[in-house]
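Letters are used for the chains, namely A, B, C and D, taken in the order the chains are written, and counting of residues starts over at 1 for each.
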Amino acid sequence: MAPEGKSPRLPEAGQWPDRVAPAALVAGIVLTTVGFLMAFLWVPPVGGASVGGAELIGDAMVSQKLLLSQKIFYFHMPVAITSFIALVFGAWYSLRFLRTREARYDTCARIALEITLLFIALTMITGEMWTRFEWGVWWSWEPRLTTYLVLMLVVIAYFVLRGSVDEPERRAAFSAVVAIIAFIDAPICFMVTRLIPSSIHPVVLREGGMSPEMGLCVAVVAAGMLCVAFALYRARFRQVRLAQRVEALKEELGD
Amino acid sequence: MAEREKQERARRSDAPASPRSELCARPSALEQYRVLLMKDLRQELRTKEMLVSMGIYALLVIVVFGVALSFARPGADFLEVSGGLLWALVVFTSLLGLNRSFSHETENGCLEGLLLAPLDRGVVFLAKATSNLAFLAIVEVIAVPLYWVFFSSFAAPAASAPLIVVPLLLGSVGIAGIGTLLSTITASTRGKDVMLALLFVPVVFPLLYACVSATTAALAGGVLMEEAFATSLALAAGYDVVMLLASWVLYDFVVS
Amino acid sequence: MSAAPAAIRCEGVTKAFGTRKAVDDLSLELPRGAFLSVFGPNGAGKTTLLRMIATLTRPSAGRIEVEGVDAKEEPDRAREAIGLISHNPMLYPDLTAEENLLLYARLYGVRDPGARVIELLDAVGLKHRRLDRVRTFSRGMTQRVSIARALVNDPAVVLLDEPYSGLDPHAIEVFDDLIASVRQDRTFVMVSHDLEKGLRLADHVLVMARGRAVAFDPKDELDEDEFRALYRSTVGMGVA
Amino acid sequence: MNPILADIYSTILPSAPYVIAAYALLWVALLAYVLVIARGQKRAEAQLMLLEEALADRQAKGE
């Protein structure tokens, strides 16, 4: 470890996760590419999201099943899964921070939430494209979309909050609490929007189970996305750590 | 090793029983809770700052709704919207109140004074949440009938309308609980008003959704009432329990 | 085993976040009834130290004992022995002086709060203004109520955090007299920028720079000129 | 056009832009994050350079 005394001790890097990270990146790229090819060449065509009967969404009557747009699903869902897993890690690191008060967990939580935000944005983008084509509207208050919108807003608020507190330890404690609240809020939000029958919003049936081919394809892409997310997390972590080390060094030399 | 620890402990318990002065006897948490709550209520009764500003704000929101709806045709459809409008009123008014409620504590560093006392942090949270709930309830008692007076000409609500008291109560409890935690956080940030709204609205979204559903069901009655009312209330109650517990546990980390 | 526990004992107290150390491995032992003045440049960690003793902040490492009670393990017991006077009065402006003190007295569980509050207000010379709101008080008067507030639980240890800021010379004089009159056998710790004032009241001094204790001495063992030079050099360190 | 072909295309062509956009935007966003990381790295390196300069100055003065 770092020699004792004045030398800055910081969130460690350079252990096994950093050795794994490049491999994870390669694996992620390979898996997502394989998943991409599978989605278009191998998985038999499935109907897209179908609506219970025919529904009026926006200005268009929607009832038909569309084939190609359904291919978005093979990336949409893995990305959504990844974002939620990143949020779980963020909340876990936040909890560890609150118990130990160690700055490194704060950094970890912050970067995990950055990854969460990134993947939520990806989920929204892919989801948007789907909604736009299948239902002809840019937005529909569908439970999943709504949940992700709310989650995205909380995560954005998390970063705004970080920006508006100056004192590092207080900032870390506040944002950890918000991250945990976000983590609790998301499932409740999904349940609430899901369980309450609404007379206005169409109930979108996407279930009926996935065929084994679909499941496999989603699993492959999900594994790939997780690898990519991990590699990104680690790269960001190293970069932030470097910046912190430089800051610490500057303080040591500054006077 | 264990032996030494034991000795250490013995030595510590040898130390004078308590450094507490003869003058004091540790009060119960309930007593402290009562004292803190009375403090908030007394302060508010004296200045009426929060109640007046929240009340006037509620009235103004109603006026804005009046403008917004002035070209709508009265009819039964209005009942489906009115629940949502009522909750918009509650949310904006409570945002204003929550922002105010904590500025008292930070103004002179009073919160620190409270934290110096031998006082469980959970008690501080519960007392503050209770007083916020009380103020919110008072404002609702004034604003909801007012809302009815202004908009009852649009459509007559169903017979089950008085049941909106239940979602209003559940909603206010949740808003006061999570709102107290969030306003404590934002009280010491830059641009705290915006910050509170930014955190508060998405976090209470599920509660809001459930409460709007229950309120609409109660106002519209009929099939909707049977289908959605109980489920919505159960979900709102679940949210209240989870979030109150979480806030209560997390409060300690926020204040210290 | 020592005869009587020290009023305040710090062992290797550290407050760190990341690489930044506000207080770095600080140890000291202060006997009962002492008056310690803490000096140091801005950002030296004086206030952080005081807040840790006051149990408002938890140290990252080390041990703080107040009157023999571990402040980290049993903060509530330690709190019963502590009073804090800061530049922030910690009084609700819309409550009267009496109501403010009653509030704190009840939180500490003072047995006869009414009598205790009157007695304290009398001591700070504001008995006749007790029904006025704190908002209407001048800065000096507010600070006097603040003294009464800090003493409401009859603390063995009184902490003062820059108590003079914002006071005019006359108010400072009144403040000093009051402090002297409530001194009794209490232990005082004061953080202040004012070297002369701090030196006059103190019988122990602690100089901090960058979180570390540069000097900790009983005052009578102190060569004042030498100390002044040391003070200037440490304060200079902070400025550069 | 051959009606059968037209029918086949009609199931694919209208949705193609959205599918392509979804995939493209996905990778664009990931790339943007990589760029953020790279920028942070560059900034840290610049700071490090300043420190090295300061250290060199100090040594030069010390000698």
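Basically, a contact is a pair of C-beta atoms (placed from the backbone, for glycine too) under 8 Å apart; a residue touches a chain by one contact, two chains touch by 3 or more.
Which chain is which protein? Per UniProt: A = Heme exporter protein C; C = ABC transporter ATP-binding protein; D = CcmD family protein.
None of these values were measured; they are calculated from a predicted model.
Think of the whole protein's Cα atoms as having one middle point; the chain whose own Cα middle lies nearest to it is B.
Put simply, the chain farthest from subunit B by mean CA position is D. Across the two interfaces under comparison, A-B and A-C, the one joined by more C-beta contacts turns out to be A-B. Remark: subunit B and subunit D have CA centroids separated by 43 Å (rounded to whole angstrom).
Between subunit A and subunit B the centroid-to-centroid distance comes to 30 Å (mean Cα coordinates, whole Å). Look at where the CA atoms of subunit C average out and do the same for subunit D: the two points lie 54 Å apart.
One simple way to say how far apart two chains are is to compare their mean CA positions; for subunit A and subunit C this gives 48 Å.
Counting only residues that touch two or more partner chains, subunit A has 247. Residue numbers of subunit B whose C-beta contacts span two or more other chains: none are found.
For subunit A in complex with subunit D, the touching residues are 36, 66-69, 71-72, 75-76, 79, 114, 118, 121-122, 125-126, 129-130, 132-133, 228, 232, 235-236, 239-240, 242-243, 246-247, 249-250, 253. The touching residues of subunit B, when paired with subunit C in their complex, are 11-12, 14-16, 18-27, 31-32, 35-36, 39, 42-43, 46-47, 104, 107-110, 112-120, 256. Subunit C contributes residues 1, 5, 54-58, 66-70, 75-84, 86, 88-95, 99, 103-104, 106-111, 116, 133, 149, 153-156 to its touches with subunit B in the complex. Within the complex formed with subunit A, the residues of subunit B that make contact are 80, 178, 181, 185-186, 188-191, 195, 198-199, 201-203, 205-207, 209-210, 213, 224, 227-228, 231-232, 235, 238-239, 242-243, 246, 250, 253-254. Contacts from subunit A toward subunit B in the complex involve residues 98, 150-151, 153-154, 156-157, 160-161, 164-166, 170, 173-174, 176-178, 180-182, 184-185, 188-189, 191-193, 195-200.
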